[in-house]
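Pasting the structures in now, so scroll down.
Two complexes follow with chain A in common, the first pairing it with chain B and the second with chain C.
Right after this comes the complex of A and B.
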């Protein structure tokens, strides 16, 4: 920590592995919302890697997933343009 | 040798055997709680998962102590080989063999969990089922080999542990939820305002309203009970006061929905 990283990340969920345990939402509520049935709704907007709090909670969520269905993916450019600019 | 002059290694063996069994009882029960999706209201689900992982580490440490003191001690003629090879012990061959079987299975479960990033999820799950067999072998090992397990407090402790894990196994087999089972996240973190919901687009979720008791309490007396729902797959919606808008809001055409079409560049396994 303390190192300023360039670039952004998004969380990716593997929908085949995911069983809707909901741990990711508990561990990273800023990045993962949850739907009616307990499955995750991943925030689409990339988060800067310099955001240590978000990155840490994302790592906790990846580590805490009981099905190993969550991954951190680094993106160079925003995959989806910001919804409300 | 220490053991020639003092009996403390042997006492440590006996004591750590009981502690290890108690810890593995807790580990198995916690694993059942995680698998059955307990938590989300008072205690977070992730907390139970973390507890399961942490206590299993402590249990493995005590198991190592139990094994090391047994093998170091010269009071009973076991040996280092009998730790992992069933039937290699001259002392209570069957009981120690069951302990070795339990250790082998536990090592398989432990290593596969440590290498969880590298093991295929299906294989990890398959290996994780071994823990039930490991626990059963350990319980019989405790009865067959244990000096203190045949009578008195030791026997009661063994019975209690066996009943606890048997109940957990029955619950796991019968009460297993189908895939996902409802919303979670009443952890303190989740009480913060949600960044995904903009003001007015979506009401803040109040999962307390999802509890069956409160829904029944909100129902006027004498009204017919609500039609039975299928709990695992179609959880009932909260009362309309908490959710005035229908789910696909017209103002948010790009509202995230799940499952979604796969994106290019998604990590493939």
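Right after this comes the complex of A and C.
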């Protein structure tokens, strides 16, 4: 708590493992949408690791996935663009 | 081989495989060259299996992998029903492909080469078998393997997985670039035509390679032209050749409605876009790529929406059905296309749903099979925009219901059971 974590994360789904029952959508509705066949549509834009709420629901989803098809992947936040000289 | 002349890959007698002795008499001896990968880089050779990735970069990546054993896999699966180039190449100059494979093997530190030919291509299987038998041993193990003849069986991870585990199923890869592995050893996998170009560059070098082609677009490419043409044919053309010239050489319908470029996961070009040179850069300006060298011509008598629907229905059937968005999404868009083809009340909704579903499906399979279908469908809606409007207004052209269909699609009702092993 209170520790500021830099960088961002995305959820990734292994579509071969995924069974399409959409459990993850219920556990992390802000990060996972669902298609008309029940398969998860993962939000593509990275979420800041500092967004504790989202990170927590991502972890819920990963732990709750019955097929171990979900993974949290850390992505580096884009570097601060260099200032023009 | 004199510089500046074509054919080179197809030099010789089409469909009469050159014996090893004839091959050496034509092309000369193959001597190992230490700088092969640099030469491929200088030549600017790109993959001919679809993605047009620089061949030298791929080979260096595998060369730099650690391991006491490596493999080279020649992808001659040619799962595109409209593609015949790899089969013709192996039926004409099989030893050129084997030369290229041996050269790549030496360059990346591999001792084993696997040539993969779909097992239902029985003539090609015989031709490769004969070539392997008559070829002198040059210190590289060459082997023929025959996976099932299904579309996704030629996808690289599916092909290697079949070689490793007897299952033609694409594998989920979380990160790219991926090192494909066979018995845990790194694999360099290239398309059959790509490898044959290597067989020539290994002999004659990068400058010779670039003695045909356009500036920045060196070399030649094999193109399978079919559809509204007098006879389906495979041509070897210099990159940069006007597409119109390719169509004329194949005696295509002189005023086509559209052309499908690259393959069944490729791009439709409307008639107004056909004044374009056949090379990576020029086609990219039209949102297209040479892909696997497929050109399907659709004439005025045929309905582009009907053609697209037939292809998508077949591609949906070819899904490995491992991933939901592909297994359910592709049949769904085939159905939308059928509604649009038939025109009338449902057509407008079907078109809207089609666009929405394309957006949902894209990028969500373990392999790029669904992405190819989505690209093909989206470009169909653009290339046939006027026809789409007519269908929505309940006025489908005559070709939508009857008449000639041109894209070669194996008949679904005659499809044997799915075979993955």
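In the analysis below, the second predicted complex is superposed on the first by the 76 of 85 C-alpha atoms of A that agree within 3 Å, B and C clash if a C-alpha of one lies under 4 Å from a C-alpha of the other, contacts with A are read in each partner's own complex, and residues count from 1 in each chain.
The criterion applied here is as follows: a contact is a pair of C-beta atoms (placed from the backbone, for glycine too) under 8 Å apart; a residue touches a chain by one contact, two chains touch by 3 or more.
Note that the structure is a prediction, hence the values are computed from the model and not measured.
Trainee: Does chain A have more residues touched by chain B or by chain C?
Mentor: Residues of chain A touched, chain B against chain C: more for B.
Trainee: Per the definitions at the top, what is the overlap between the chain A residues touching chain B and those touching chain C?
Mentor: On chain A, the overlap between the chain B and chain C contacts is residues 12, 14-15, 17, 20, 35-39, 41, 71, 73.
Trainee: Contact residues on chain A for chain C in the complex?
Mentor: Residues in contact with chain C: 12, 14-18, 20, 35-39, 41, 71, 73.
Trainee: Under the definition above, what is the set of chain B residues touching chain A in their complex?
Mentor: Against chain A, the touching part of chain B is residues 34-35, 37, 40, 44-46, 49-50, 116-117, 121, 124, 179-185, 187, 189-190, 192, 194-197, 233, 235, 237, 247, 254, 256-260, 263, 265-267, 269.
Trainee: Mind listing the chain C positions that touch chain A in their complex?
Mentor: Residue positions touching the partner: 171-172, 174, 322-326, 328-329, 332, 360, 364-366.
Trainee: Which residues of chain A touch chain B once you look at their complex with the stated criterion?
Mentor: 12, 14-15, 17, 19-23, 25-27, 29-30, 33-44, 64, 66-69, 71, 73, 79, 83
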